[in-house]
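Note that chain A is present in both complexes that follow, paired respectively with chain B and with chain C.
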Partner chain A sequence: MRYLTEADIEALEIGAAILGTGGGGNPYIGKLRTLQELRNGRSIRLISLDELNDDALVATVGGIGAPIVSIEKLEHGAEGVWAVQALEAHLGRKIDALAAAEIGGANSMMPMITAAQLGISVVDGDGMGRAFPEMQMTTFSIYGHRSVPAVLADERGNLVLFKHTTSEEWFEKLARATTVAMGGSSVGVEAPMPGRYVKRAAVPGTVSQAIALGHLVLAANRQHADPIPLICKQEGGVHLMDGKIVDLKRHLRGGFSVGEIALEGIQAFSGQRGSIVFQNEFLLLKQEGVVRVSVPDLVVLLDVDSGRAITTDVLRYGQRVAVLGLPCHPLLRTPEALKVVGPAAFQLHDVEFKPLRAA
Partner chain B sequence: MYRIGVDVGGTNTDAVVMVGREILAAVKVPTSPDVTTGLMEALRQVRKSAGIDAASVAMVVIGTTHFTNAVIERRHLSETAVVRLCLPASQCLMPMVDWPQDLRSAMGEHIYLASGGMEFDGSPIAPFDPAEISRIGAEIGRKRLTSIAICGVFSPISDAYERQAADLLRQACPQASISISASIGQLGFLERESATILNAALAALANRTVRALQDGLAACGLKCPLYLSQNDGTLMDADRAQRFPVLSFASGPTNSMRGAAFLSGHQNAIVLDVGGTTTDVGLLQNGFPRQASTTVDIGGVRTNFRMPDVFSIGLGGGSIVRAEDGLSTVGPQSVGYEIVRRARIFGGDVLTATDIVVAARRAAIGNPDRVANLDVRLVAGALQVMQDRLERAVDSSRVSADPIPILAVGGGSILVPEKLGDTLVTRPPHFEVANAIGAAIAQISGEVDRVVSLEGTTRETALASAEADARRKAISGGAVEESLVVTEREDVPLAYLKGDATRVRVKVVGDLQV
Partner chain C sequence: MRYLTEADIEALEIGAAILGTGGGGNPYIGKLRTLQELRNGRSIRLISLDELNDDALVATVGGIGAPIVSIEKLEHGAEGVWAVQALEAHLGRKIDALAAAEIGGANSMMPMITAAQLGISVVDGDGMGRAFPEMQMTTFSIYGHRSVPAVLADERGNLVLFKHTTSEEWFEKLARATTVAMGGSSVGVEAPMPGRYVKRAAVPGTVSQAIALGHLVLAANRQHADPIPLICKQEGGVHLMDGKIVDLKRHLRGGFSVGEIALEGIQAFSGQRGSIVFQNEFLLLKQEGVVRVSVPDLVVLLDVDSGRAITTDVLRYGQRVAVLGLPCHPLLRTPEALKVVGPAAFQLHDVEFKPLRAA
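And then the complex of A and B:
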């Protein structure tokens, strides 16, 4: 168990963006809110999966909706608390701890804020260990737990309880329609589950992992050191290439930003060529036509100099990026998981997932 | 009739006289601490040099970093009341939450949250309540605050509630200058709100400054109108400049890029503006700088102004050159404006980038004998470092692999070699006053940025309606209707939102009615 500090939250912003693999939304507003909770005297108590009681009740919390709405219409601030309380009223018992459904990007901060407000713990683990575009792409869902019952809240205090849906896809569809009616953004508290299930199904240690990554990058920046080899060492990842973006194709498909980048190697990687496919997140890296990393392993693009994450919405021609492959957790590499988050789930039907080999 | 363009920089005030596309005269004088004295001197000299009388000057356009510097230096800022129209949303973070404490204190923390924000489709989050605004107005009046910033959620889609609130607050506080966010920024609430607050806080300074500039013109016998150039390379009249000082924040780099476009005849190019300490690198698209898509930090405050996507590298004429372990380094330390004393070729004892190009016989200025005995490997090494950094900067500015011209302007542009990569570098005539020329040729713009629902309509209709509004804005700003052209037009479907929500952005630009 540990209490998170302001420095940890600054680090979490950076680490969560790296684990966001290009997507997941910008954690900036969430970071400001989390820092504010700390400055108002509240605390963020992070507990490991080992410390979690088997009978404790854990729910996930996160924002749902279009990023443009979340940067323009900020939250009331109590949505998470209202939704947790409504779910507790439905279940007839207290929720003991919150977890992120998605550690990558903006949703890394929501459990910190809500748990601080409620005075309960945050679980050191999440449902993705990275970012994915759809709600059912969590290990909680993959290993058999349902997202419902769930509650969606808006800033007016509207609370919508999803008592039951006939599939995870139906929940995604109905939650999305509700979110649009709420003005394009909502806060969802979902998938109440017992501690013993979370211990088995959560990607463990991801909050500490993101914070450690952020501290590493910040320390390297302070010492004018190159953070990239340090990140690879810490994550067991591979520095696959440094390259310049020489082509960028992008379009929208079904509400997602989809596209492909061509890279030309620079410096030590001069003469090499690479290409990356993305759909909100980076999905696949090929070098010389051969797949080197594919989803669910993490394809991470970092600024060559600062080591800060580059997201798919700011890609541009001529950018110099470092490409890293980071291994995902084994929970995402099982046959059941690959059905939901493997290459085929992203229409990459000709790609067979091969685990990233550490250098 | 003649136009005079002026760039009031930190070191020099440049002025040019133009008629049509012709440049009649260009001068450089030192900037004075009070701005006005230097301006008057520049106006006097440039008129004399062009041989024109005051009555034949149709307009004076000034580009200045005065307001940016006020924010950076925390000087001359007024205490400002902030009225946010949002409730019940957006209570989770208060205005200025991410500002540096000293700047936030300068604003006085007079913060009011009220209803009257909108959803992305323009429907109210909660109904606008005039009584609530009047109560807030009464309190602001009691505090005797003279500047007010109003920011409503999704106001770029419709500014109706911001305007109603402004009217009510004006009744309660007739002396106050009021800034509304829809006139200032785009979607992205905290950044737009911060920009609006800065604008309100600068209102009094803008008032004084613009009047001083007008007095300077009058003292020179110039009775023509005064304009200031904006971030996007277009003009605002003196009245608008007093109301929207933040819109001049990035006029410096914009003017030099627009000036480079004019001087070279290239509408699409990469521009290197080389000064004493840094080089600004940016991309011209259709004669205008490409706009930044991310937030821009000014004096520690994140804003989302329409700013040119220009980045700086630490390489300029005064950059200090050193040899370390047999390797040459150039910058980022610089002697800056002291180059005229401290560079070797000017009799000083600091080896600068300018000394290197003189030693390599790429430029003939100062006293070349003073660098005749430099180690050839040091010179070659330093030239290579400069070449590499400029090539890298040019590469980062490209948007495609297609060949694109490279333009070098600014006083330090002798540092730029003949060729970068495979491209010959163009150094247009008058490159040293590109800034003032950019000011002289500024045009008028109108812009619309909003989210619309395409339900029951089409993409084309939505774009046409946005364009019509952008045209109306430009014409009300003084543009000649027939000269208007569309410079930006895009629609981006928004992920996750049904009802075919689409962000539409249109910008038109045209000549000023003279």
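And then the complex of A and C:
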């Protein structure tokens, strides 16, 4: 158990953006809101999976919607609390701890803010170990727990409870339609589950992992060192390319930010070509037309100068990026998991998942 | 208090279709399902507003979605029961009686079926006295009661509870999006309210009214008499035109069946021209370019030969129709009501509502 500091939250912003693989929303606003909670005297208590009581009731919390919407559509700030309280009223009992549905991007901050406001703990683990665009794409759902009952809240105070859905896909479909009707973003509290299940199904230690990653980048920045080899070493990843964005297609489809970018190699990678497909998150990197990294492994884009992660909503023509491949957690590479978060789940039917290997 | 007979349900089909003004869904399938409940030994107990206990808890029930969808997308049959039970679980108490949200069309049958299955009463009154396309367009909502908490069910068993919405329009928007995601139709149970409010806000006696209207048409059919003057006399309405449909525009927009028809007068109305705008229901009749009837008054189309109501989903080129104008209930003509169900609420901004008068 540890209490997170302001420095940890600054680091979490950076690490969560890297693990977000371009999605999960920009954590900047969430960071400011989390820091505000700390400055208001609230505390963020992080507990490891080992410290979690078997009988504790844990729910996931996260923002839903295309990242690009959340830049201009501000939250009220209490959506998570409203949704937790509505779910508690429905269940007739208190929720003891919150976990991030996804550690990637803004959704890393959501449990911090809501747990601080409610005075409950945050679990050191999440349902993705990265970010994914759909709600059934959590290890909690993959390994058999239902996302419903779940509550969605918007900044006005609208509260919709999904009492029962006949499948995880139906929950995603109905919650997505509700989110689009709410204006493109909402906050969801889902999957109330016992601690003993969280211990088995969560991707473990991902809050600490993101914070450590952020501290490493910040230390490199202070020492004017290149963070990229350090990130690769810490995460067991590969620095695959430095490139310039020479083509960018991006549009909103059903609440998702989808598209493709083309890259032309620069510096040591001059003369090489790459392309990246995304749906909120980066899904697939091809080099010279050959698949190099695909979901569920992580395709990470960093600004080649600052080493900070680039999200799909701020991609622009001419941007110079470093492309990294990071291996996902083994919980995402099982046959059950690949059915839900492998290439075919993203309509990439001609791609077979091959675990990332060092070059 | 009376128990409805099979003959009453046959009559209700005809009368509810007339009051449906083209919308509310075709009551034919609902009638078959209601008759089946009676043949299975269940009973339908109709109580007047006077007989309703002040402290009874009453909810409305109705199908949501474009009528054209419900022809091919069959219901499971227990949606209403599932939704009532989910709402009861949320409220922590039993619902004592059901009312139609709208008496027009298929939604007249929904409380009959669900109340028979649950063994509770149906209230003789509804929220529209006709049919309207949106859920906030009930007298219950207009006179101050909220539609939420409400539950939507689909034929798979998906159950979505609208716990709180910041306005009636937000409920409509969120429930509509959910319905579209459910495939275009759903069953909703809404607005749990005390008997004393229902007595004040319901359009009174509309189940009996629809049944009486149906018996009148059936009796005229048996006697080879023209039902149209009889309907006009009983409802205080006007026979405005007989015409042939010479143009028909119809499309689905956001779950609604919207469009316009052009009519060329036939028989006694030869040489006249008319046009009718619809959004699930017929909203507006113009004759020679002049507004003759507009919402909330009823524009009713009957087959010129059979005298049966024509719904917007079966309109076709060349059809020969009788057009009637029927006055709506005074509860729909107050300034509060006209804000919600007057021409401007249907984007007919250049139309000022003038109560229908006999020619």
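Everything that follows uses one rule, which is that the second predicted complex is superposed on the first by the 324 of 359 C-alpha atoms of A that agree within 3 Å, B and C clash if a C-alpha of one lies under 4 Å from a C-alpha of the other, contacts with A are read in each partner's own complex, and residues count from 1 in each chain.
The rule is simple: contacts are C-beta pairs under 8 Å (C-beta built on N, C-alpha and C of every residue); 3 or more make two chains touch, one makes a residue touch a chain.
Keep in mind it's a predicted model, so treat the numbers as computed, not measured.
Set against each other, chain B and chain C touch different numbers of residues in chain A, with B touching more. By the touch criterion defined above, A:Asp247 lies against chain B but remains apart from chain C after alignment on the C-alpha atoms of chain A. Of the two partner chains placed around the shared chain by superposition, chain B and chain C are both touched by A:Ala177.
Looking at the shared chain after the overlay, A:Arg316 reaches chain B, while chain C stays out of its contact range. Of the two partner chains, chain B and chain C are each touched by A:Arg156.
By the document's definition of touching, neither partner reaches A:Gly205: not chain B, not chain C. Once the two complexes are overlaid on the shared chain, A:Phe256 sits against chain B while remaining clear of chain C. Using the contact criterion defined above for the overlaid structures, shared-chain residue A:Ile29 touches chain B, although it does not reach chain C.
Residues 156-157, 176-177, 180 of chain A are contacted both by chain B in one complex and by chain C in the other. Interface of chain C with chain A (complex): residues 86, 90, 151, 156-166, 170, 173-174, 176-178, 180-182. Contact residues of chain B toward chain A in the complex are 86, 88-93, 97-98, 117, 119-120, 125-126, 153-154, 187-190, 293-294, 395-401, 451, 492-499, 501, 503.
Those residues of chain A that touch chain B in the complex are listed here as 29, 32-33, 36, 64-69, 71-77, 155-157, 176-177, 179-180, 183-184, 244, 246-247, 252, 255-257, 280, 314, 316-320.
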